[in-house]
Each structure stands twice: as C-alpha cells, then as structure tokens.
Amino acid sequence: MQKITILIHCKDRPNIIASVTNFIAKKDGNIVYIDQHVDREQNIFFMRLESEFSKESFSADAFRDAFRINLADIFDMKWRIYSSARKPKMALFVSKYDHCLYDLLGRYNSGELNLEIPFIISNHLDLKPIADNFKIPYYFIPVTKETKAEAEQKQLDLLEKYQINFIVLARYMQIISEKLIAEFPNKIINIHHSFLPAFVGAKPYHSAFKRGVKIIGATSHYVTEELDAGPIIDQGVTRVSHSHSIEDLISKGRDLEKIVLANAIKLHANRKVMVYNNKTVIFS
Amino acid sequence: MQKITILIHCKDRPNIIASVTNFIAKKDGNIVYIDQHVDREQNIFFMRLESEFSKESFSADAFRDAFRINLADIFDMKWRIYSSARKPKMALFVSKYDHCLYDLLGRYNSGELNLEIPFIISNHLDLKPIADNFKIPYYFIPVTKETKAEAEQKQLDLLEKYQINFIVLARYMQIISEKLIAEFPNKIINIHHSFLPAFVGAKPYHSAFKRGVKIIGATSHYVTEELDAGPIIDQGVTRVSHSHSIEDLISKGRDLEKIVLANAIKLHANRKVMVYNNKTVIFS
Amino acid sequence: MQKITILIHCKDRPNIIASVTNFIAKKDGNIVYIDQHVDREQNIFFMRLESEFSKESFSADAFRDAFRINLADIFDMKWRIYSSARKPKMALFVSKYDHCLYDLLGRYNSGELNLEIPFIISNHLDLKPIADNFKIPYYFIPVTKETKAEAEQKQLDLLEKYQINFIVLARYMQIISEKLIAEFPNKIINIHHSFLPAFVGAKPYHSAFKRGVKIIGATSHYVTEELDAGPIIDQGVTRVSHSHSIEDLISKGRDLEKIVLANAIKLHANRKVMVYNNKTVIFS
Amino acid sequence: MQKITILIHCKDRPNIIASVTNFIAKKDGNIVYIDQHVDREQNIFFMRLESEFSKESFSADAFRDAFRINLADIFDMKWRIYSSARKPKMALFVSKYDHCLYDLLGRYNSGELNLEIPFIISNHLDLKPIADNFKIPYYFIPVTKETKAEAEQKQLDLLEKYQINFIVLARYMQIISEKLIAEFPNKIINIHHSFLPAFVGAKPYHSAFKRGVKIIGATSHYVTEELDAGPIIDQGVTRVSHSHSIEDLISKGRDLEKIVLANAIKLHANRKVMVYNNKTVIFS
C-alpha cells in the first residue's frame, strides 16, 4: 500500500474536482481525504487530496508524469505530489532561549513529530548541552557583522549536505538573509512573540505592556524579506491583565510560542499548508 | 443558476468521491464546495457537496431521481438533496428567559439567519411583548400535568400547519415528549447551560458553583429521548473564578448560551450538520 | 445600610492600605471588597474598596469630607467615592448597524445592566424603530460637514439636560470632536472591530482578511484624541480560517463586538475601571 | 529586606482587614499585595497578603507568635505564614508518559519554577534516561498488588528524608493510598486528562470521542480519597471536531495537560491557592 498527498492550486474553472478524482480512480487509487477551497476574490482554486494505491505496480514517479500531462498542464496547475514514505528533514536554528528547543525536542523524542531533525545550528554555545542530551549534532556558527557572509555560507553548506527540506527558527535572534530566503521560499518557519500584525519587530512584550492590551499572542509565519510580514500559519492568544508585569507577559508568552510553533511545524511537515498572495490555506 | 446541497453518508468503500463528482460533471454541474470525512472506527463515509447548475433545463427533481438510481441505491447511501431556493422554517419555543429570544430575533431582523420564523410558542405569556415588537405570531400554549397531551396536540397542529422544518428550544422549560421527538428526529435543537456531559439536568450553574470548576460552558444539541444526551452540535466555554457567585455564572453563561445556540441554528439551517451514532459531523 | 465604592490612585508609599482600612474601621464601616495594584515601573498605587455602613447617622458627604482631609490630601491621592444608591446614566450613540443596539437594549430590558439609558442619539433614522420598540427616546441629529458644530451643540445640550455620566458609541460612525472628549474624559466608550493595536482605522475586517490572520478580535476602549489609541478596557478574539470570506469575518465579528462592548459597559458602570498613562486597571 | 506571605481564612465578620493591616503597620511592615474574598453562601472570609519588612531586627518566628496571639486566636483563623526565603520542595511521580516530565524539567532548568525538585519517583524505568539527562535522582519503585504497602513505605521514607513539601503526579498511573493522602492533605497535585467533572476515571479521551464533544479539556486538582473529585486548581480546554481521531485528541490533550499542570504547580508553589469545602480560592 502506497500513499500520496497532492496539493494543487490554479485558476478556478469548472470540472477540476471531477477531473482529478476521475484520474485517480482510473489509476486504481482510493481517495481517503479531499478538501478544497476557492478564493472568490482572486478566483483561485485550491485542493488537497490523499490517495492510497494498493497495486504492487504503482509507481509514484509514473503517477507524477501522468498527472502532469493529463491534469497539471491542462488546468495550468501549481502542484506538488508527496509520498508518505519520506519524512521531511527539518533544520533547527536557535540562539539563547531554550523553551521552544526543549519543547520541540521533547515532542520529537516522544514520536509526536512526523519529521527528522538532522542538526541544530546556533550563533551561541549556550544551548549545546541540551542538544547533547538529546544526541543531536549542534553546529556553533557565530554571526558578527564581519563574518555574516561566511557564516551564511556555512549554514547553506550544512543545509545542502543534509538535504534539509525546511528550516525552523526557534527564537533564532538573527535576521535571515535574502539569499537564504530565496533558497527556501515558504520553507523557513519563524515564531514571532506577538499577535501579528500588532507589535512587529523587537521587544513585542514590552510594547504590549506599554499599550495595555488585555490579550497577548504569538504568531508562526513563513519568513519573507519584509520583517514579520510573511504568510501566517498559526496564531494563539491568552488573556492578561494590568496585574501582569513585562516578565509575566514573557513567561505566559513562552507557552504560546511553544504551542503555536509546534502547530505550524506539524502542519507544514504533514503538507497541510499552501501559500499564495502572502496568505496560507490550511487544510487541517 | 440553480444551486443544490447534497449530504451523503454510507459504508466507506473505494470510488465514492469519484463516482459522485463524475455524476455531477455529466449533469453539467460545477462543484463549488466538497468536504468529506471517514469515521475509521465505524467505517462510515460522509460527504457534503454544493453544486451549481446553469442550464435552463436543470430540474432538481429529475436530478434527485437520477441520483437515487445511479448512486444512492448502488452505494446504499443515506442522502438528502436541498435546493438553496427554499429557506428552512423554524419554530421557536420559549418560556420565561428572554436573552436567547432577544438575541435570535435581533439576528433574524438583521438578516443574519438564512431561515424563516413563522411563529413562537410559549407556555407563558411573559415574552409576548417581545414577539409583538418583532411582529411574530406568539402562541400561548400553557402546559400542566392535565393538559399536557392536549397542549402537545396544539403544538403539532401548528407545526404541521406552518410546515415547520425544525424546532429550537430557546430555554424552553418543558420536557419534550417522545411523540414530538419522533416527529422531528434530529430536528429539535436545545441549548443546555453547561459543558455537557458535565452537569446534566436542572440547575447546572448551581452544580458548577458547588464543584468549583474554573471554566463553565454551554452546549447546543439535538433532543433525543434521554435527557441532555443527544448529539452535540456546538459548545462554548468561558473562564470563571472563586470570585464569581452563582448569579455571576448565570450572567456570564447567558452570553455563551446565546452564541452557542445561534451557531447551532446557523449550522443546521445551512445544512452543515450530519448525525450518526448520536454524534454530529459538522462541515463548516 | 449604605454602601460606597472608593477608587484611589497615588504615588506608592508605605502604609496606604493600613491607613485607609483603619480610617474606614473608625467610621464603623465594614470592608466587603478590597483589591489593590502597584505599577512597579511607574511606582503608582491603585486601590478599589467597597464598604458598608449600617449606622443611621452615616452621611456619604460627611465621609467624603473626612476622607479628603484625613487621607486624600495627605497621600496626594486622585480619588472618587461613589454611592451605590445612584445608577450611572449612559447615552447611546448609534448610526446604522443594529447588532450592538439590539444586544444592549436586550440586556437593559432584562435588568442585566446596572445603569439608566435616558436616550439614544443617531445621525441616521434607520434604527429609530428599534428605539421605539424599547420605548427609549431617539434623537435624530444628522451630521454633515456644514452642520457639524451645530450638531455637536445639540448633543452637548442633551447630555447636560439628562445629566449623562458616560457615553457609549455602539458602532457610531462619526469622529468625536475634541470638545466632547474634553467634556467626557475617559467617559466615552467605543467598540473597535479589531484586535487593537492591529488594524487601526476604517475597514479592519477587510485588512484582517488581506493579511490572512488566523484570529480576529474586537476592542472596547475609551475615546481619546488619537484615533483608536485610547485606554483599552476589554478585548475578545475568535479563530478564523482561510475559508472565511470578509462577510464571514464581519458576521463572526459582530458577536465579539456585542460581548466586548457589553463587558466594558458593565465594568465602567460598576466603577471597576481606573485609567492612568493611557492604560486601564480593571478590578473585576 | 525580608518578605512574607500570609494566607488566612475564617468566619467572616467586620474589621478583619483593618485589624490585619493595622497589625502589620505596627510591625513596620509594608503591604505590597492584598487580595481578599468572601464566600457569601458559607460566610467565610479569605485573604492573601504579602508584606515586606526592612528592619534588621525583624524575625519571622517572632512575627508568627505575635500574629497568633493578636489576630489568629481572636478571629479564630486558619492561617499560614510563609517566608519567601525558602523555596518549596516538590517530588515528581511519573510512570511512562514523558510529555509532562519533559515540560516540567524544561521549565525547571530555565528557572521558570520557584521550587526545588530533589527527586523523581517512578513505578517504571522508562523515563530514567530523561531524569539522568537533567541530572535529577530517579527512584524506581515498582508497584504490584503484593508490594504495594512496601512500595508506599519506600515512597514515604524518601518524602520524609528530602523534607518534601508537595507532590506532583505527572501522569503517574497508580492510585494514591489514603495514608499518603492523609500525610499530604491538599499537597498532592494531579493532572486529569479531561474537563472535570466530565469523564472521571480511566480513558477520558476515549469517552470524549464516543460522546462527540466539540471541546476537550484537562484539569489539575488536589488528590482526595474520591477519584478525580478533589479541589480543582486549574482547567484548560481546546476545540476539537468530528475530524479528530482518538489519537488526535490524545495528542491535542498533551499540550493542555502540560500547561494546566504547570499552572497549578506555579500557583501552589507561590502560595496562591487556598482550599475549603473541596474548592479552591486562587489569588493570582
């Protein structure tokens, strides 16, 4: 039994669903999940579909080729077909904050995450003992103004060497360069510690305290060139009051950050996110 | 342009989705919404589908007949096909509490609800002025031990006369008889003022206060013979603390009741709810 | 039995609590509620206190005088003492949206609000039938560029004539002038249909849709000269997804607006809000 | 500078607050936090107070004695006075589930928890490597029908030897005996994986799935003799839908369990919880 996941988006027009489901039926596939969405403003059609194939002779590559010719080219689709056999590989970037790292490695060890973490990159040595405890390689790549280009090249080399599929910035406190973003478009997940678009940039808990908001939040999003302005994957919030100090906001926020980032990682790793027009469609 | 909504459930087996979408394509329909669910424990397949037909010659009745022969009989489906042309008719049952009534009539007047309210039934006269303000007929049908059967017959006569599709108990403080439940299976929506299955029965806010819970809730569900045990449509919760008295819980609960009941009504009226095994599938 | 509520804020220094509680004990008062807060950044002390006096001879005015001399002057307090005997008077300003109006008048009629609504002001005639139903005077004061000053004078005359204590803008679609704000400092409550400080200004649901947020919100705040930047009283949020259109956001947002505005009104009317540095302390 | 926390509850009567605050003022203490609550149904008064003493000569023991004679005996108070100098000691009991353990040890290492964890007890060896990583002693005490009494004695010996103040059952899958409960009254914190009082006992996620609830929860509570019926400290909830399998509920529930348990531990360790009539007063 082989299982594939298909993600499609294209200009909306009649008969896409029937054409795709028909195609799969002819290939002896059994659709076990289908969900679709139409953005009526932009007239864009989105679909996510999981199908099982029980025939010995099924070849994912042959299926891809047939799909391209019979469907993708005709409907002018943007599409991806993933085999469930391969787990995505995720690189973890961290700096000094340890809460997201502990949380993710705990989940990883428990088998909760459907992915592999070949290594951790950090611009500091502080969190190396945690990586050691969890027996995950930890690459210390310091970043200074002078070494920025060199450091980035080291990162790119590692990402290539380990064939990394996507990157997670678990409170990594460095700006990601255009080059790295261009190499991993909509494949770098950041956790920002505010309810975006409120409090973009540095020290959002301080800004939230100053504004006197009654609810704080955290936002996981794909990194784009504009700071904290990429497509939002998930958000979480929690109530606060005048009695909470900035330190209280930071402490309460940590729980939000952990959960919102973990959610985004799971959605991405399970191929449930599609991106267009700087927004996401989440098929959960 | 005509639009229909199809709800299906049946034993899961391969090719249902492809067969249905293919059938609609052959009838020149354009699928604008499809969602599906499989209960893997029970091996039951569920689907909700909206399709538009632009041909002048399209007949919903002919479509129903063809659907029955070509699909429903073959897959042994339980199915319903609704035309969007007809708004469902809803009867409102109330007693003395006015908050759900104000809320629903406010929404109704604003055009937020896709349904008709031909009349209100009550076992008390208290809320008649509100019905009068909103210019909706108000039938006062008192219920006593002696008159219970007679009262129920009056209710049934009204429900039949106005061709009511479903009933909403907006804090109606009378037990609904087996007969009425049998006439409107999964078509009577109740709002219970607790987070079911906690605090079944009378005075749930008092029980919640006594137990010292930190969160209270409200639950909208279809009425079945067993008290407060029918299929759950929606639930809502809000935080409380030791500082809240029973009166505070009642006051905070009112806002939950209003929203949770309104949500359930909208889901039902828009044909987004399917019921099986005393549970609901909500295609929202 | 008379009951008073005392609100205090001043520079923090030792013995304020003991001095105040002692003073009340000497006046034969029984403290039934006390809560306090210290803003450690600004070194400001806040207290809210409810006290009951059972002696026939108790005079709120005499108490106020003694409080001023013995406590307020010494600690350089900003303070208010309210008698529970007097309900605050609230003026409702509306335009064309009816959901907050229905909600508030429903609550008012049910006795849920501890206040009086002497009249409604609107720059449109659309909602007059609702005011008529609820038998509340409705003053139609159209506002155009030319008549703005004159219209405002009419408003001020009404506010004075009815001895209004605070104003609620229930989706009133006009900018409030500096003059009115100056007359009612921290006494004009607005409901903004976004999670402030995100999406300040017009059409926040459209902006939220465009940005692709996964949670929308509503914010009740006091009106200050800067648009949507006044002290926040309460906020509420609800989850949304890619499947929601702008119309869906507007519809879901209505429920948030109703509840968040009603919460703010109750907090204000029950003298539970203190304002300083453009923030609120909420003693709930 | 010394700081103490005072917790009081007693029959409500006039002048308690003034008497206590006056007493502290006379001892040259500065009250930095005061909160109080009256259960009007039971006529019980509760207060939590933090006070700082800057005099060299201040003695917490002498203060306790004076408090007893001048206040506690007169008002017939149940009271506790804690010095902030001493961190409470917490014993962790675990079985095979690791998510709460990872979460708590991560928080512990980050300095988020104001307590000490001298050791971990488990009836299985599975989680020993985690304890080793975090360098916390791990006592493997297997429990069988035959060895139950002996195992419990070993536990009691360890609890005494390390002078443990309270116990946390982080998904410890054994019934706690009456003897242990009697030794640690309202000092054993359990995390139950449902929204109590719904789904008491084993396999609550399975029961929640079967009932078709739309929201699941977790509850932290003090252990009493009756199963899952002790005083509730905190609860958390999250939305679920028909599309979630039992495994999904378990996975989503883990995040609730972690946060709700951590919240309860923080509240308890910071002396913010008072218990009476099988309920809690939380001064947060």
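We call the chains A, B, C and D, going by the order they appear; numbering starts again at 1 in every chain.
The criterion applied here is as follows: a residue touches a chain if its C-beta (ideal position, glycine included) is under 8 Å from a C-beta of that chain, and two chains touch if they have at least 3 such contacts.
As the structure is a computational prediction, the values presented were derived from the model and not from experiment.
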| item | value |
| --- | --- |
| Common touching chains of chain B and chain A | C, D |
| Between the pairs C-D and B-D, the one where more C-beta pairs touch | B-D |
| For chain C paired with chain D, centre-to-centre distance based on mean C-alpha positions, whole Å | 37 |
| Separation of chain B from chain D, taking each centre as the mean of its C-alpha atoms, in whole Å | 42 |
| Shared interface positions of chain B, touching two or more other chains | 243 |
| Touch-based graph of the chains, sorted into line, ring, star, complete or other | complete |
| Complex interface listing, chain B residues touching chain D | 37, 39-41, 195-199, 211-215, 217, 231-237, 241-243, 245, 278-282 |
| Interfacial residue positions of chain D with respect to chain C in the complex | 14-15, 17-19, 21-22, 24-25, 30-36, 38, 239 |
| Contacting residues of chain B [partner chain C, same complex] | 98-99, 102-103, 105-107, 109-110, 112, 133-134, 243, 251, 254-255, 259, 262 |
